[in-house]
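Shared between the two complexes below is subunit A, which pairs with subunit B and subunit C, respectively.
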Partner chain A sequence: MSLLDFDFMRRALVAAALVGLIAPLIGVFLVQRRLALLGDGMGHVALTGVGLAFLLGTAPIPTAMAAAVAGAFLIEFIRYRSRTAGDVALALLFYGGIAGGVMFASLAPGRAASSLNSYLFGSLSTVAEGDIWALALLCLGVVAVVAVLGRELFAVSLDADIAAVQGIRVRTMSTLMAVLAAVVVVVGMRVVGLLLVSAIMIVPVAAAQQVTRSFRATAVLAIVLGLTASLTGLVGSFYVEVPPGPTIVLVALLSFAVLAVVAVPIRRRRREVR
Partner chain B sequence: MTHEHPHGDETPATSDEVVGLSRVCVEFDGDHVLEDVDLSIRQGEFVALLGPNGSGKTTLVRTMLGLQPHSHGRVALFGRPLSRFRDWQRIALVPQRLPGASSIPVSVWETVLSGLISPKRRWRPLSRTQRAAAAQALTDVGLWSKRHERLDTLSGGQQRRVLIARALASGADLLVMDEPTAGVDAENLASLTTLLAGLHEHGTTIIVVTHELTGIAHLITRAVVLDPHSRETIVFDGPPPVPGHHLHDHVHHHESELGRPGVVELEP
Partner chain C sequence: MPTAKLTARPLARLALTVAAGTLLLSACSSTSTVPSSASSGGPVSVVAAFYPLEYAATSVGGDAVSVTTLTPPGVEPHDLELTAAQVAEIASADVVLYVKGFQPAVDEAVQQQAADRAIDVSDGLTLLAGTGEGEESAVDPHVWLAPLNMATIASTIGTRFATLNPAAADAIGTRTTEFGDSMSQLDARFTAGLAQCASRDLVVSHDAFGYLADAYDLTQIGISGLSPEAEPSPARLKEVAELVRDTGITTIYHETLVDPKIAQTIADETGATSAVLDPLEGLAPDSTGDYLTVMDQNLATLQSGQSCT
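Take a look at the complex of A and B:
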């Protein structure tokens, strides 16, 4: 029996493709702004949303979304208010997110706490029919925002001061970037899991930038790597019967290692040409 | 956004003032970095903002561009109060380097084009004219052949030239440059000087923040010297000393005897 004969597997593949596409798309901006850990923090905060959903009996995706977006605004607020203490303040927020998530889930009736695991590391079977449409819509939103505002986001991540002197609203763009990261976290929550979803934002970008010479090429290659990692990782986890999150991230890390080796002769040749 | 009238971006015809500061104060944690600063820069001037480190020259520039909030006074750009100024494509800031260029590869060409990004063109792609201007600017700084290279693989002087091309591409008529000559070798310095002289000739207003005038002294039409230890922030404002006579020696001299009105010697 082929894996495509399973409805749940088809849905999981679509969800994996969606996150593989948009996670590196937002990741390039985060890495360029040196905010690689922002997505990580957002995942922790979203976990509180999931715990709350268990406790209140609401749908996990909208609740996690609300928590992550609230987290995005809070993080930008903290970063703006305290340049120096921002690092520690963010750490507090992240720990609070994890603790809150586990706490709420444990207080919730039934077996909520045990299904929290599938939110932490991803699962093949939890993507529901209705989820697919919600995830697709969110992805479409992210792609549309980047299509229109991507250049301004790029300018802000290159140098916030000169972006401001070009008339770009730096704070709005920073907040937008955090919100976009929050959306990616929620889209990747089911398949990759909240603890590892930010890896799919960062690892393909880190892998791609070893061999590229431009921002655009980095973004394109990172998306290709992200898609490849999330699809092959998902299929792999179907056969090996492990959670998909770790498998996807390990495939992405493998692409990093391969490109690290490939990059050496490429750089040498470029140097010789010059 | 508030546009009082349809042609809100137009500069009042009566004034050719590009930057106007009046009684501007800036404080950091209660410390007055700038105190009652009055400064008016007119179109076509080539101004050097001089002073030792910590004298507030960077703060002054950041304040006039709205990057640093001020506690008192008024700042105007092209005759409009800062809060109502929208014509940002008239201004280009040339930083010493781009902090974001070293985390993800950014090509030379992407760097130059990034100078054309504007919220006003959010819904439109770059026009052919804009791309042509960017190509011309990169050719003018002599780095067209490097357009596909990673910016951070170029030498410091070449990166500086790319950042200048970035500013030129936007067609700005006010150029604000942070230490344009610092760490630039002799060859790059010569091409930089030629470039700036050409811009100045075409009427571009240029403000350089620097602590050394090496190489560009003969281009300066006005020197503004800041001193953190004087009661007035600006201790000298006037034409630079005769070419060959090194203003920069005096600034250093002054720096070494803080508190003494050493800059008086600069008076022509």
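Take a look at the complex of A and C:
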């Protein structure tokens, strides 16, 4: 029986494709801004949201979203207000998020603590139809924001000072970027899990950067690589008994390794031309 | 002499550290001498790792024992983490009842605190090998799902209770016999109820029902292996869905304490219905039943799910 005969595989493929598409799209801004670990921080904060959802009996996806967006505002606030460096602000979020998530989940009644795993490591094969609609809507939102404000976001990630001189509201854009990352994290939570979601944001971008020079080319190639990794990873786990989330991330890392090797002669040629 | 001082100070510090360390170590080792409440005439203090053991202990022990349970109602016991207070309970209990290989946290605490006072109730039972792929333990720990195993467990712990509380030995003996009888009757109900069924394939969300399947000649097909929170891969889901379609299985069973999503996915995929089969790893928080009533419920569920006549 083929892959598409199964409803759960059709749903999983759509979810994986959505994440493979939008994660690198936001990741390329984060990498440019040297905030590659921001997504990871958001993932940890989203875990607090999941724990809170168990405790309060609310739906996990909206609650995780609210927590991650609150985290996005918080991190920009910490970075801006205190003298704390960006990486320390991230560290605060990491630890606070994990501790909060595990704490809330263990306070919650019943089966909560054991369900936490499916959010940490993803549960692609049990994505429901309602989830797909929610994910699609969120993805549409992310793509729309990038389409409208991509230029400003790019300017801020390239050099915040120059962007400020150009009259771009740097703080608003930074916060927006963090919020976008938060949305991607929550979308990716079902696919690869909160612990690995940042990988699909960052690894395809890092791989693309090996061979591309312009921001736009990097973004396009990263999205192609992200889609390829998430779909091949999922399809692979349909034929071989391996978990889909880690497979997707390992495929992405493999593409990085391959492109890094391929890039060596390309770079050499470029240097010779110059 | 400044140089002499400089060398003396680290030495003094070293001495202090060693002294402090020795103190700490001696403090730790003193916990191994534990006051026993049974020797002072009170009821035997029993710590049961999870519900079915609590049920056996209270049924057999009656008022000769006082039982505390480590796994609170409604908590999935496989991944239980113990609080410091619970480890202290294990350390000071007269008897600790557990199943080796079922709850890693309990195994560890028992080994460190109560190795000489613990009973691994799976000792002396005929153990089944772990089925399915990718399971972590070689032996299936879910022994309590066969009523006759429960009878054996009860007689093992009854013997221990009687030695610890000789005054109540007769009463404990009577209750052990009664318990054994009620388990034999339950076993007879299962044997009769599951004798003629349209399907003998039992599709369950995790491999908890090996002993039950073995006792009543059913074939267990677990979706996610021995441990309930291991997420099945798409390949495994496909395999089970195909099997369900091909063999015309009509019911997929999921559990009370574990998220039913996976069983639900397969049921939706194949048009089968899903039903709750309770592995009795713990009672639901709002449950009013006990081992017997839940097992009778399980029997009824199985009879309709497997189309038994």
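Simple rule for what comes next: the second predicted complex is superposed on the first by the 269 of 274 C-alpha atoms of A that agree within 3 Å, B and C clash if a C-alpha of one lies under 4 Å from a C-alpha of the other, contacts with A are read in each partner's own complex, and residues count from 1 in each chain.
As a convention for this text, a residue touches a chain if its C-beta (ideal position, glycine included) is under 8 Å from a C-beta of that chain, and two chains touch if they have at least 3 such contacts.
For clarity, every value in this text was computed on a predicted model and none was experimentally measured.
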item	value
Which of subunit B and subunit C A:N117 touches, first, second, both or neither	second
Contacts of A:R81 with subunit B and subunit C, given as first, second, both or neither	neither
First (subunit B), second (subunit C), both or neither touched by A:L158	first
First (subunit B), second (subunit C), both or neither touched by A:R269	neither
First, second, both or neither for A:T218, with subunit B first and subunit C second	first
Set of subunit A residues, in rising order, touched by both subunit B and subunit C	none
Subunit A contact footprint on subunit B (complex, rising order)	62, 65-67, 86, 88-89, 91-93, 95, 98-101, 103-107, 109-111, 114-115, 117-120, 122-123, 148-150, 170, 176
Contact footprint of subunit B on subunit A as seen in their complex	28, 31-34, 148-149, 151-152, 154-155, 157-159, 161-169, 205, 209, 212-218, 274
Partner subunit C, residues of subunit A touching it in the complex	1, 6-9, 12, 106, 109-111, 113-115, 117-118, 121-126, 128, 234, 237-244
Footprint of subunit A on subunit C - complex, ascending	74-76, 78-79, 81, 133-134, 228-229, 231-238, 241-242, 257-259, 261-262, 264-265, 268-269, 284-285
